[in-house]
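Some structures to go through are shown next.
Here come two complexes built around subunit A, the first alongside subunit B, the second alongside subunit C.
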Partner chain A sequence: MKTRIRNGANAGIVFGIVTIFLILIGFTGTAAELISKLIHAGSLARSLGMTEGMFSLLLFMAVLGILAGWYGGRQLRDLPDTWSSVLVRSTLAGAVHGLLVGIVVYVIGTLNANGVKMTTYLPQLLPAAIKQLLFGMEPFPAVVFYLILLTVMGTAGGALGRVLGRGAWRHRFAEGWRRRWESLQHLPSVQWVAGHRWSRFAFFGIIILLIVLLPLVLGQYWNYTLGTIGIYVLLGLGLNIVVGLAGLLDLGYVAFFAIGAYTVALLTAPQPHQLNWNFWATVPFAIILAAIAGILLGIPVLRMRGDYLAIVTLGFGQIIAILLKSDIMTPFTGGPKGVSGVGGPTLFGRGFTDVHFVYLIALSVLLVIFVTRRLQNSRIGRAWEAMREDENVARANGINVLTTKLMAFSTGAAFAGLGGLLFAARNQFTGPEDHNLMVSINVLAVLIVGGMGSIPGVIAGAFALKGLPEVLRELEDYRVLAFGALLVVMMILRPNGLWPTSRRKLDIKAEDNAPPDPEAASSTKGAQ
Partner chain B sequence: MTTAIETRQLLKRFGGLLAIDRVDLVIPEHSIFSVIGPNGAGKTTFYNCITGFYTPDGGDILFFDESVVGLTPDRITRLGIARTYQNIRLFSSMSTLENILVGQHSRLHANLADAVFRTPRARAEEKHAVSEARSLLTFVGLAGLGDQVARNLPYGAQRRLEIARALASKPKLLLLDEPTAGMNPHETRDMMDFIRKLRDELEITILLIEHDMRVVMGISERIAVLDYGAKIAEGSPAEIQGNPRVVEAYLGRGDASTSRRRRKE
Partner chain C sequence: MLDVRAHRRRRLSAYQIVQITLGVVFGGYLLWRLFDLFFAHRVYGPETWVQFALSGVVLGSVYAIIAIGYTLVYGILFMINFAHGDIMMIGCFGGYFVFEALKAIPAGTASNPDLKLLDAQPVLAVVLAFAVGISIAALSGFYLEKIAYRPLRGAPRLVPLISAIGASIFLENAAQLLFGAQRRDYANPAAIERGAGWTIPVGNASVVLTYTGVLTLVLSVLLMVALYLLVKQTRLGRAMRAVAENKPVAELMGIDVDGVISRTFIISGALAGAAGVMWGIHLGLVYYFVGFIPGIKAFTAAVLGGIGNIPGAMLGGLFLGVVEALGPAILGLNFQLKDVIAFGILVLVLIFRPTGILGEVLSEDKV
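And now, the complex of A and B:
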């Protein structure tokens, strides 16, 4: 019984602290606003004697309460999984949760009622927000209300958790879907389609059609966002080679992005050098320069591993960022104000619109995916992965780790250079602020969220981290918070990323002529 | 008979510790040669010197009459020396077949451009490599497991895969580091047969570090005994078994020698 009480109370305290934190930063109000937009329950709220905002806040609090109860009543190894145990714990969790939140609401409400200007301490707590938080009641009834609401919700959450959340049930569910999916794969018609040589072309055809048609129906804003996502896919694919495949943790990756961007900017812009090159002529320069920079930065760090490598590359990234801002470089790079008037690409004498840029970026992404796939499945790619797995054993298997590392650095850098040049040309501007540490970290986050070493993972990660914040524009102020929360949740639920790598099947392949072991062939055929 | 590998007055020092103390060894081609000794005697250090992970502080290592001292591990692998590890070190998240393909690295030639443009040369090379890797899998008894991720293989299979990966470089000399560690008597017997088969069918030289005396005495043609980095005996299994210095090294003679023995390899 004592453990039960402790467990339930602990869950309540955890959720209490989280909820109080959300209240104090004003997130509860934003969440309520989002919910109102989502469900439009104005008339229902009014019939209950509340404003729409209060009703939405109530729903949000109810969800938090259910979560607290669910968490409090979750299955624990040292506790019996009985109804009484679950309900005791979850109700207690709800009560503690409600009590803590209630106390804070009471304090805020009383202070406000006594004429203390809460906004001086916590800018989010406007009088209207406090009124909403109190559900229009006096402070003390509000505390009772919170206590009752969160206790009831906690009990409900615990019950819900017991009904829905148990391992066996979830397992059966997942297993059922897996079996359905597998039987689908075994259907003769599905096998015919999947095995047909045209099905791959059809798949790529649909994707290309999407890429061609989508920008035409989207507005300027979404095309710009799509372009940004595309550039992050390029950067992610480049870093994927360095970190995901070769296992070299490079935190100064933004340097190559900057080199690509500045090469194009300085060669095409009227200031500061008046070179006015054609955009297309600068493309090979930007990519090659970035690749060379990759080798140059790679040489000194060849013998470093793990953390040391990360720190030193971090330093390189910072050096580039500081150099770009410094006075010494101002005559050469335009200094802190950057380079404006970067020449964009032209085709048949016409400049590129946003739609064209999406096409150009998509084309680059396809090209980079093609190159990555080819490299990944080659002797070089295997050497990279072997190095990532165990550098010493890789050396003992005849891999020259020095050249192999440099190849990874320069290939990754070349991709980043391509990303940088597209970025500068599209924005017609590039400056030091575009190339700060956050870019390196964002790209790394794309990789981690998507799945190290996986091409679809990088794409999924770029959409999740660069696309989602645009979709959730409402959350603007909390983007970083949501970002962090997403990363934490991701790492718990899918530690290998949204779309982890799968090993290529090499052993038994239909188009190979070598006669495989017949017994093995029959047992693995289904997996093809 | 030709000499596969010869060490002359090989010396390796870690600070004040003599890990390898002027060891002379001559290992004839096509033989199975065991290096034994108590824990910390310097056996693995000896391997690390041969494979280029450590640079010796003195002496010379001749591989088919050519010095390999100062060469990097990958160069030495190219010359024809391959090894396995005491604690299995596979590329564990790669597939079984890919592990073997990595083993072939030094014999393949595809460069960046070949890989990106998939030139006919690279394509043919790759195809040949895959089929060769498959027959190697069959040779070590892992046929059909090529698409398994290496870490999911059972222990015995992992040992075999490690050997297959080493064989993929077509070595002339194979260094095995405790290949039967952690195996039951049945598996150990299989491994002994397998090591003999390696030597006989592939015509390679095998250098073996092993603690299991049944294995050592059962398959070695010659045995060298290291103690405190120095070679204290060398000879046929029968000679080694009767050698009092070996018995002393393993079992000790009194309190003084047992306390001396506490140090790392």
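And now, the complex of A and C:
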């Protein structure tokens, strides 16, 4: 009984804290808005004597309550999985959840009623939001309401979890789908298509057709988004070489992006140097300069590994960012204002529109994918991967670690320079704010989400991280927050990304077969 | 072995050539600037130098406190706790809200009816601010480890680092969403108002020794002594050292390794929290990003002293603070570029002496 109580209460505390956090960051209001948009329950809400927003908030809170109950009543190894155990735990979880949320709502409501301006300290708690949070009631009845609502929902969630989560039907369902998928794969016609050498060409043909047709259909905004995704694919592919293939964690990657962007900007813009070059003439300069910068950064950090390398490259990136922002660089780079009036590309005397930029970026992406694939399967690519796995063994096998590392840095930097030059040309502007640390971290996240070392992974990651947030615009404020949480969760659940390379899949399988020996693993890793 | 070495031709590697070139260029410039400043032009008077050094020492002591947190965690887990600066930010906010709450409580007397509790009881206010800041930072440290790092025990080294970066982004943005993006002024009690202090004559002029600076310095020295005693004298300290030395063997000796790691995070979080409140009281600004730059600089300090080495972190912090305060003047740089100095030092140290000033603890292989 005691364990049940503790487990249930713990679940309630966890969900209570999460719910309170969501209330304080204003997420509950945003979620209510989204729900209102989805279900249009205005008339139903009014018949219950509530506004639409309150009704949606009620639904959202109910969902949270059900989740708390579900989590509280989940199957645990040291507890019997009986109805009484589940219901006791989930009800308790719901009650604790309701109590915690209720207390916070009460405090917020009373302070607000006493004329304390909550927005001074917690800017999300606008008076309207507080009114919605209290469901238009006085603070005390609201607490009772929350307590009852969340307790009932907790019990319901526990029961729901017991019914849905453990039944044999779930297993059977998954098994059925798996079997159907396998039989599909074994169909002679499917095998004929998959094995035919034309199906590859057909696949690429469809992709290229999509790339050509899609921008014509989409509006300006979506083309811009597509272009951003493409630039992140470029950056991701470059960092993929440095981090994914060569295993050198570079957090100052934005520096090369900045070098590419600023090279084009300074060479083509009327200010501050009046060079007014043609865009096409600057392309090789931007790429070569970025590659040289990659080598220059690579030389001092050649001997470092792992996290020291990460911090030093981070330091380099910050140095570049601070220099770009400072006043002393104003005569050279435009200082904090940045460079505007960057010249865009022209073809046959005509400037590029958004659609053309998407084509240009897509073309660059295809080119970079081609180069990456060739490199990856070449001698240098194998050397990178060998170095990533074990530097000493790679050296013992006759790989020149110095040049191999420098090659990785400069190739990655060249791709970033290409990305930067496209970015500056498309935006017709570049400034220090475009080249902050978040760019490095975003690109790294693209890699991690997609799966290190894998090209389709990078593309999937760029779409997931740069495309999805554009679809869910209401959640824009919470994007970076979710992104931080996502990094942690990905590392715990899927450290190899959404689309791991086949090599990594093999690695994981090998580990699965080995007897579990975490201590030995950690000690060898620690001694690296 | 011996004759192999005797017959080997002595040749400089490319890396050594880079080292030597950089060393000569940088050292030459430094010598020239020093000569220029102290013998040729004398741009600054002695009082300016003393003032720079004083502010450097105070800031350095805060860096030292944060750096110890990095070093403790690195010594045990071989991972950079990237979110450490954000734990400091949490502590900073804790102190801020204590001061704001006390500012709202009236404690009027007959002579001064408008007096608030904050100004009436400055000692209580400061003690309370530190207590709250330290506790919530310690708590965050504990949960940070439990949620973001513990499930990754035994994973390749990149994995916890990325998780730490994620945790750092999460904490920063959570603070931004909760408290807004604006920079807030830290409301000190009137008795330790920022900028106020004792005036000390130096040469023909005088320098100000601020109350907040003295408070920060004294407190951080006390914390450092306390930590040193904890690590050297107590049972927990011995367990921590054993775990840092060799985890499996420590476990065999009956040490609860996970418990020790948890407690290490609590201690490092508490130190970061104290540093956060000091930062707020002394420098007077708090916002969601306040922990980032001090965090990176404290990491630099930890590396400077030899990461994993506690006295090294203290020394490194003080050194970094002083160099950062004197550096722009000595090198003749714009003061906007103060932060570049810290990163520059980091890069230089890692190039020339990756094991740090005091660091014989780690072999170069670990770097």
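Convention: the second predicted complex is superposed on the first by the 464 of 528 C-alpha atoms of A that agree within 3 Å, B and C clash if a C-alpha of one lies under 4 Å from a C-alpha of the other, contacts with A are read in each partner's own complex, and residues count from 1 in each chain.
By our rule, a contact is a pair of C-beta atoms (placed from the backbone, for glycine too) under 8 Å apart; a residue touches a chain by one contact, two chains touch by 3 or more.
Everything quoted here is computed from the prediction, not taken from an experiment.
Trainee: For A:P495, select first, second, both or neither according to whether it touches subunit B, subunit C, the two together, or no partner.
Mentor: Second partner only.
Trainee: May I ask you to name which of subunit B and subunit C touches more residues of subunit A?
Mentor: C
Trainee: Going by the contact rule set out at the top, does A:M1 touch subunit B (first), subunit C (second), both, or neither?
Mentor: In the superposition, A:M1 touches no partner, neither subunit B nor subunit C.
Trainee: Pick one for A:A396: touches subunit B only (first), subunit C only (second), both, or neither.
Mentor: first
Trainee: Quick check for you: in the superposed arrangement, does A:L323 touch first (subunit B), second (subunit C), both or neither?
Mentor: second
Trainee: Contact-wise, after the overlay, does A:R382 reach subunit B, subunit C, both or neither (first, second, both, neither)?
Mentor: A:R382 sits against subunit B, while subunit C stays out of touch.
Trainee: Between subunit B (first) and subunit C (second), which does A:L216 come into contact with in this model arrangement: first, second, both, or neither?
Mentor: neither
Trainee: For subunit A, which residues lie in the overlap of the subunit B contacts and the subunit C contacts?
Mentor: Subunit A residues touching both partners: 519-521, 523, 527.
Trainee: So in the complex, the part of subunit A that touches subunit C is made up of which residues?
Mentor: 21, 24-26, 121-124, 249, 299-308, 310-312, 314-316, 318-319, 322-323, 326-328, 402, 441, 444, 448, 477-478, 480-481, 483-488, 490-492, 495, 518-523, 525-528
Trainee: Please give the residue numbers of subunit A that touch subunit B in the complex, ascending.
Mentor: Checking each residue of subunit A against subunit B gives 371, 374-375, 378-383, 385-386, 389-390, 392-401, 407, 411, 503-508, 512, 514, 516-517, 519-521, 523-524, 527.
Trainee: What part of subunit C is in contact with subunit A in the complex they form?
Mentor: Touch residues, subunit C against subunit A: 14-15, 18, 22, 78-80, 97, 100, 147-148, 151-163, 165-174, 177-180, 246-248, 251, 296, 299-300, 303, 334, 336-337, 339-340, 343-344, 346-347, 350-351, 354, 364-367.
Trainee: Can you list the residues on subunit B that touch subunit A in the complex?
Mentor: Spelled out, the residues of subunit B in touch with subunit A are 51, 53, 72-74, 77-78, 82-83, 85, 89-98, 101-103, 105-112, 114-118, 122, 126-127, 130-131, 134, 137-138, 143-147, 149, 165, 169.
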